[in-house]
Amino acid sequence: MVDKVYDDAVAALDGLLFDGMTIAAGGFGLCGIPETLIAAIEQSGVRDLTLVSNNAGVDDFGLGKLLRAGQVTRMVSSYVGENKEFERQYLAGELQIEFCPQGTLAERMRAGGAGIAGFYTRTGVGTLIAEGKETKMFGGEPYLLETGIVADLAIVKAWRADPYCNLIYRKSARNFNPMAATCGKITVAEVEAMVGPGTIDPDQVHTPGIFVKRLIRAASNEKRIEKRTVSAGAV
Amino acid sequence: MVDKVYDDAVAALDGLLFDGMTIAAGGFGLCGIPETLIAAIEQSGVRDLTLVSNNAGVDDFGLGKLLRAGQVTRMVSSYVGENKEFERQYLAGELQIEFCPQGTLAERMRAGGAGIAGFYTRTGVGTLIAEGKETKMFGGEPYLLETGIVADLAIVKAWRADPYCNLIYRKSARNFNPMAATCGKITVAEVEAMVGPGTIDPDQVHTPGIFVKRLIRAASNEKRIEKRTVSAGAV
Amino acid sequence: MGWTRDQMAAIAARELADGFYVNLGIGIPTLVANQIDPAIDVTLQSENGMLGLGPFPAEADVDPDIINAGKQTITELDRTSYVSSADSFGMIRGGHIDASILGAMEVAENGDLANWMVPGKMVKGPGGAMDLVAGVRRIIVLMDHVDKVGQPKFRKACSLPLTGTNVVDMLVTDRAIFRRENRQSPFCLTRLAPGVSIDELRAVTEADFNDTR
Amino acid sequence: MGWTRDQMAAIAARELADGFYVNLGIGIPTLVANQIDPAIDVTLQSENGMLGLGPFPAEADVDPDIINAGKQTITELDRTSYVSSADSFGMIRGGHIDASILGAMEVAENGDLANWMVPGKMVKGPGGAMDLVAGVRRIIVLMDHVDKVGQPKFRKACSLPLTGTNVVDMLVTDRAIFRRENRQSPFCLTRLAPGVSIDELRAVTEADFNDTR
């Protein structure tokens, strides 16, 4: 068996990082983000990054760490509302942002990973999102052309992995991770725990090992909560 | 809970069948085909069907039953090689066939179910499949425009279902079933066995219940094998 | 005078039918969950990949891996399933969600909706709102009838950047209910809130509408 | 004279590297599975949604739900995972499969491949072949050097309808091995089968090629 399991994030990212690169990351808000790999990317000092991620983290956590360190030039995201440092850099003209509707972003990452160069969606027709994009009629309705995204590197967070790098995600921490895992020219995964070969039911693999070139055990599983709501507080 | 579980295939298909309709079916070869629902469609006598299915069954099994009964006018398939009656009807001009490359067919069904009107693929560029289809350049390479498929009815075969119609497929019987389940205006599933609510791990649902409007226990699980190969006969 | 937010949520909740799959937006729409008739079976979807949302957890049961699209911690039910974001928006874009209840900054008389950005203010992004209005079968908007300075939010045309064009099917404000038969139809006033007269309503409504009470 | 089918399969098998994910077509390519060096780790993929194919089962272990793309009953391994057809072709079209080994009716000197239909004969359909040649990184073709009536199958241009244009990277016949550096390069003869002379080869080859032995 080819050993794709690395000792730590620095080893797993060795040779993969370069200034000006595009990195796609799984996660929604702070849920299901590859904390360990993000920390290692911060420490590497790599700069001028384009990040493809639904959100931008918060000021001191998640991708917010890379923003705070001034390593990010451009974000492709659907929602960046929880990050003051993001706002400061954006208003200062230090940061570019390409907004994608959330479903379009998910589909663009899936498309990039699946060899689909572009696709037509109704989402965003007649809005600012449509500016500069081709429109085509299907069944008398206008649809927008959106393109697939392929990143230089994709980083994802999973719950369980076997030595073949078959991955299982946990609950809503799945979110963008499966598509991110497919859309990287190379994909590095971090996982909460390893299990033995043959332990994962072949019917229950979320991301087959073919998509994961390097794997580490997550050193950090802080799983910070953005909005802790408990039953005392309604619903 | 809304009761989506019907007593039998006749009840589950009641009111859904009409001449000239399009039916999408899961299955690859004879693996993972909705045997019970196919038999009920044969018995209903509905005619002039367009079938969207990777294969056309064999002469006396699977969708071959509907072909033999003269109920099919048109097939949208990737491979129809195992069916003599198909060949006879086709050569006699009684049957039309639209060939789709297998991956394009899978993607067209997924697209139809996901509100994607069309997508661009390299598959089929420069071949007969490209005739009459738009080509567009992405990154200096030509891609073909293929369109999403929405069927009047989709029929699928699953292994386990809970009363909410969350489905799990088994091994390579999954194949086209998940996409078929999404691309019907209405989807009817047959399942080998029902399990209680909460029995299926929420992380392991293959087709969420939202896609399945009616469900039956499969009356027929013959699972005929097309090519029985055993270890005596080489790897 | 007028309806409270809970009353608005209750009005929207009565639009939901047995067996519906529903996506609730952030803000007033979140209140709808509490107002659904226990006699009907409604499954809530959250676009981050959860189908079958349960209530907020007890303190001891908080799980950082179970959140809704508003990033709030929630719980699962015996019907719950998780999917990827791509598959979640497959449900949404593909027309499999029966209704979405959303907040708004402005609604126009032609059904246009604006709820994602205010020029000159920091833009946070559309999130999943554009996908929801483009794909969900029926869009119900809950919003205050006027803005903070008393200006009408139900307009002839939206002044703010759009989330979608001709996507609103029903509008519930604190002062009135407007419905339209389909997306070719004009909005019709079907009910006034208690203590609101038609003249008062017209005075704070820029949009044209038919009065079909 | 020339190589047997097993020898051709062995030649192709030596092109596979440790850690490769490989899709094998129907016919001669199926024989490659037996020829892979046990010292390297190769994962076989089947386009009907199985990654990690095992050998044929013992009679008692035949499972109708475990088949390959040739519809043969097979077994799973401890690495196996199943995916939908859409996800399976995501692997293929997305360039995640390292190599595919396919049969052919004709190969042209520009890399065109024809292996799915003969005009006038009943057309069975392309199956997954067009997707494979469009998406897999490296395409190795195994075919007899001449057809049943002795005509060349490695041609200046394909006479049969194409499966893909400029997609073949390596051609192994019973008489010779041809490689090209990349898809802008011409094919080069790199090896003759035992007992085959270059003149004999040229006599049964319509395609131009460089001799770089």
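By letter and in written order, the chains are A, B, C and D; residue numbering begins at 1 in each of them.
Just so we're on the same page, a residue touches a chain if its C-beta (ideal position, glycine included) is under 8 Å from a C-beta of that chain, and two chains touch if they have at least 3 such contacts.
Chains and their UniProt names: A, B = Succinyl-CoA--3-ketoacid-CoA transferase.
Keep in mind it's a predicted model, so treat the numbers as computed, not measured.
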item: Chains in simultaneous contact with chain A and chain D; value: B
item: Farthest-lying chain, centroid of Cα atoms versus that of chain C; value: D
item: Separation of chain A from chain C, taking each centre as the mean of its C-alpha atoms, in whole Å; value: 28
item: Centre-of-Cα separation between chain B and chain A, whole angstrom; value: 32
item: Distance from the mean Cα position of chain D to that of chain C, given in whole angstrom; value: 54
item: Shared interface positions of chain B, touching two or more other chains; value: 107, 110, 114-116, 121-122, 169-171, 174, 202-203, 206
item: Touching two or more other chains - residue numbers and ranges from chain C; value: 76, 82-83, 86, 89, 92-93, 134-135
item: Overall pattern in which the protein chains touch one another (line/ring/star/complete/other); value: other
item: Every chain pair meeting the contact rule; value: A-B, A-C, A-D, B-C, B-D
item: Chain C-touching residues of chain B, taken from the complex the two chains share; value: 1-2, 4, 110, 112-116, 162, 164, 166, 182, 197-198, 200, 202-203, 205, 208-211
item: Residues of chain B touching chain D in the complex; value: 28-32, 54, 77-82, 87, 90-91, 97, 99, 101-107, 109-110, 121-129, 169-179, 206, 223-235
item: Of chain C, residues touching chain B in the complex; value: 18-19, 21, 41, 43, 45, 51-52, 76, 78-83, 86, 89-97, 134-135
item: Of chain C, residues touching chain A in the complex; value: 30-31, 33-34, 46-50, 55-59, 62-74, 76, 82-86, 88-89, 92-93, 112, 117, 122-131, 134-135, 161-165
item: Residues of chain A touching chain B in the complex; value: 107, 111, 114-122, 136, 138-139, 141, 143, 147, 168-171, 174, 201-204, 206
